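Next come two complexes built around chain A: one with chain B, the other with chain C.
Moving on to the complex of A and B:
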């Protein structure tokens, strides 16, 4: 009896400690970024592109990187979604039989998930070279899509697997086809989870620097076409840190604050949307 | 006398582990309520799932034989299952609304079958909900998510969703077993009314429900068809011992008699000694059949045997004066 109570207490304590540790790390990181970045943050930072001498301490902001990052991540996520959803659906029992092919594809996706994004960047770079393309927004979007594709596909796949067979049978029972059932029942039921998958992929995409290093290039302008190079916040942070000037380095922290806020705003908006899609869900 | 709507010929369903339904042949009468009864694990659900080819979803199961419906063997690979399922609808044990509003749940079937006109859909929704005894309760809640309904309402909603596509055959797989008695009764009442217009095949392990509803009864046991026929006949005059026992709610056990003992000549206490001697000569789990012709023996012998830990399988009158006692040796 005593042992069982002890077990219970030990488990509770272990859980509490690990959660505290994680929260502490997160708070410390955010605090460090805010402490260093907030003093350097100004309206100019988010409304202007770099003026001449920006990286030497001159005036201007990182609007080019803010817009570039949103374009890259949104484009990459959208492109990946177009491929992810059909792939994830194919992995389900009713389409692929859920047998060896599905398991093999899942294994490949899990491996791809773990591949460092610089490898995708190098791969994208080779393709661009062979096609005679320059570093561009389009190149960056395609490379990012590769990076987030496995993440998004496996998240959606896992969610689709949780849709109960009973629920699908209800639809089949009134003479619905496989497509009708997938479209009206499976995807509806899974919608909140799919949205979460998209948010995770977007978060991964907007924070990635390595895959777009060669493929999207970098520019001080806001890109006005898909064929122009595009800047990004992670790279802006990297370049600003690379300078020997303290004022510029502080603006790197400010850029990090901006990146955090962009992610916060976009994911919160997506979550609000998700709430609406949860209304009809069967639990 | 109405005709048959479905004819089952030599239906056998096999899995890797063994046979789940064994060579079943019978006819389903049209516009009747057909109850499939039998203890758990007797294959009722699998049997029902053959009629709308839901058996296809049970991995590893293979149905052989023929089920003739409208001149076609519905087990044939060439059958269009979506069309079949429009004609043969099913509600399952666990009520499961679709992830949409009450209205959309009912309109779901008609919409996929091409009814787009709002007025027509409104009409179908009202009619179907009324037939499921839900209209009065839900007419002001049509836009609410179906997930918010009570379990009983959800099951009636399943019924309404099914009726909206106007099937010919309704399969109800233990449709009331997850419900409270009041909700259960509401579903029963509707099924009773619908039995005039639809052919209803329902499985139930509730013998009283079968007695209340059935026009025709099919009794399955361990995948075999034991007996089927009009409800009156089957309930009042079952041909098979096993059916009789099941209807009475008695335990029925298969046994083969290993030794017989006739004690009609003997009185107490000699009959006791004889029984003891016979039982001692048996191996564990073997069965002894004893015939007695006195009330005292009938009362006292089983009592003594049970005290010793043996199991009385049954006591039964076999002629005017004679009774048999069947006992399994267990110590």
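Moving on to the complex of A and C:
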């Protein structure tokens, strides 16, 4: 065979192997967590808070972390959504005229997306201290909102951009104002996509640990107010894994299974919703 | 009726402007907040002392970040050594050779990868990568290691940066105009020759920006790195030595922050360093991408 064909085949194979390696790592990760975690998973893990001596191998579960994580991620996502929706609307042509200003805001959002979550954690810590708060559910919610805000805004922005201009113009033609059009045409058309964006943001929020490390604290109780500290699944995994006791480490894997299942369900829900919404869109 | 509609519309427009302004000011506020909190440490020591000294004596208020900065840089560079070829080869394969079904399978795999929390990457690193490095890789090169080292950190991180790096590279390569490829085929070039001489040349600024964005992602990653790099502030002589990255330093010392003001200030300075570097990298990477996008239209 000719040299250049040989070269082609070699690189093609190398490319295929690279892609396979990436997929293999993903599968290995999921398999490792399931293999290690499933045997340690029990009903007790999901329905009970830690009993005394839990971190030495005592009984109980991680209900505190499951509920804490849901509170934190839901709160953070809701808070971020309040900012995301108007910001994403601003990026559209009918609000900012598109063009340079919108591009500049998009650039800043992309940069915010890249800011490490530990930096948001440090910033959340500063806000917390200046408001006179202690590590609490509220502190965690604020920090998480910063983490998911750019992700959510950019995905809502992308969805809003797909709403056809014609559709809006029909609405203008019957005398609706810009906001009326946004409210009853654009947002309605984009609703499934916006929901997808919210789910993705929620998934990111529930998995993030570095931003809530200083701000949400950790507790064995299920928080009953915004001012109480809140446990979270990622930190439950991290802390349990850090103990020298094998039984506790096994529970870290079990907690990881819970977190992984939540994430996988959210990811596939977002994907299915994306597909379903494309089918029903007016194009 | 008509008047209220117009008023509501004006108000809605104003609200979007206010929120967009607030969004942009987050970046300014974070920088100012961290700068303000670093004030104490910046007033005591010169920047060069903070950045270039290795002396770390928190009890006497001496903070030299040099080993932590080099720790972060070492892990990040080794990560790039793995992830750049891996992502580039994958991106070329996906954009040029793979069929539609395989490509969408891989894309949903990468979406899933992007959503996996970093603690789970860390767990995988401890269970899989660390023993692999300790029992197989290090002995093969004649080293002895606990497995918690630069190499393990880099291996975990190179999988973590795949979603951002690979997806940008793939998009950029796929967006190279078909005409250019066909012109090359018409001259008798094979697909690989076309990729090498035409497609990659056209796509090179975008590939560069993908590398920059991947670098900054790896630079700021915390939990997974923290779990596998060993966290020992020493002068690393080989990839099998542990390091103590900046992010891990901040994460491990939050307990001390509340009690010692100098310590809090030092940690905020570390966060500021991270922010400045990551923002600078991201700004360059994103600017290249948006310029390429503008040129394409």
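Throughout what follows, the second predicted complex is superposed on the first by the 240 of 283 C-alpha atoms of A that agree within 3 Å, B and C clash if a C-alpha of one lies under 4 Å from a C-alpha of the other, contacts with A are read in each partner's own complex, and residues count from 1 in each chain.
The rule is simple: contacts are C-beta pairs under 8 Å (C-beta built on N, C-alpha and C of every residue); 3 or more make two chains touch, one makes a residue touch a chain.
None of the values given here were measured: they were computed from a predicted structure.
In the superposed model, A:177 lies in contact with both chain B and chain C.
Residue contacts after overlaying the shared chain place A:159 against neither chain B nor chain C. By the touch criterion stated above, A:185 is placed in contact with chain B alone, chain C being left untouched.
When chain A is checked against chain B and against chain C, the one touching more of its residues turns out to be C.
By the document's definition of touching, neither partner reaches A:62: not chain B, not chain C. Of the two partner chains, chain C is the only one that A:125 touches; chain B does not reach it. Within the superposed three-chain model, A:145 lies out of touch with both chain B and chain C [touch as defined at top]. Looking at the shared chain after the overlay, A:254 reaches neither chain B nor chain C. Residue contacts after overlaying the shared chain place A:19 against chain C, while chain B stays out of touching range. Overlaid on A, the two complexes show chain B and chain C touching the same residues of chain A, namely 177, 180.
The touching residues of chain C, counted against chain A in their complex, run 5-6, 8-9, 12-13, 15-20, 22-24, 26-27, 29-30, 33-34, 37, 85-87, 89-90, 92-94, 97-98, 106, 108-113, 115-124, 126-128, 159, 162, 166, 190-193, 195, 213, 216-217, 219-223, 227, 247, 250-251, 254, 257, 267-268, 271, 274-275, 278-279, 281-283, 286-287, 290. Considering their complex, residues 164-167, 169-177, 180, 184-185, 188-189, 279-283 of chain A touch chain B. If you check the complex, the residues on chain A that touch chain C are 4-5, 7-8, 11-12, 14-19, 21-23, 25-26, 28-29, 32-33, 36, 83, 86-87, 89-91, 95-96, 103-112, 114-123, 125-127, 146, 149, 153, 177-180, 182, 200, 203-204, 206-210, 213-214, 234, 237-238, 241, 252-253, 256, 259-260, 263-264, 266-267, 271. Listing the residues of chain B that touch chain A in their complex gives 52, 54, 57, 82-87, 89-92, 94, 96-101, 108-109, 112-113, 145-147, 158, 161-162, 164-165.
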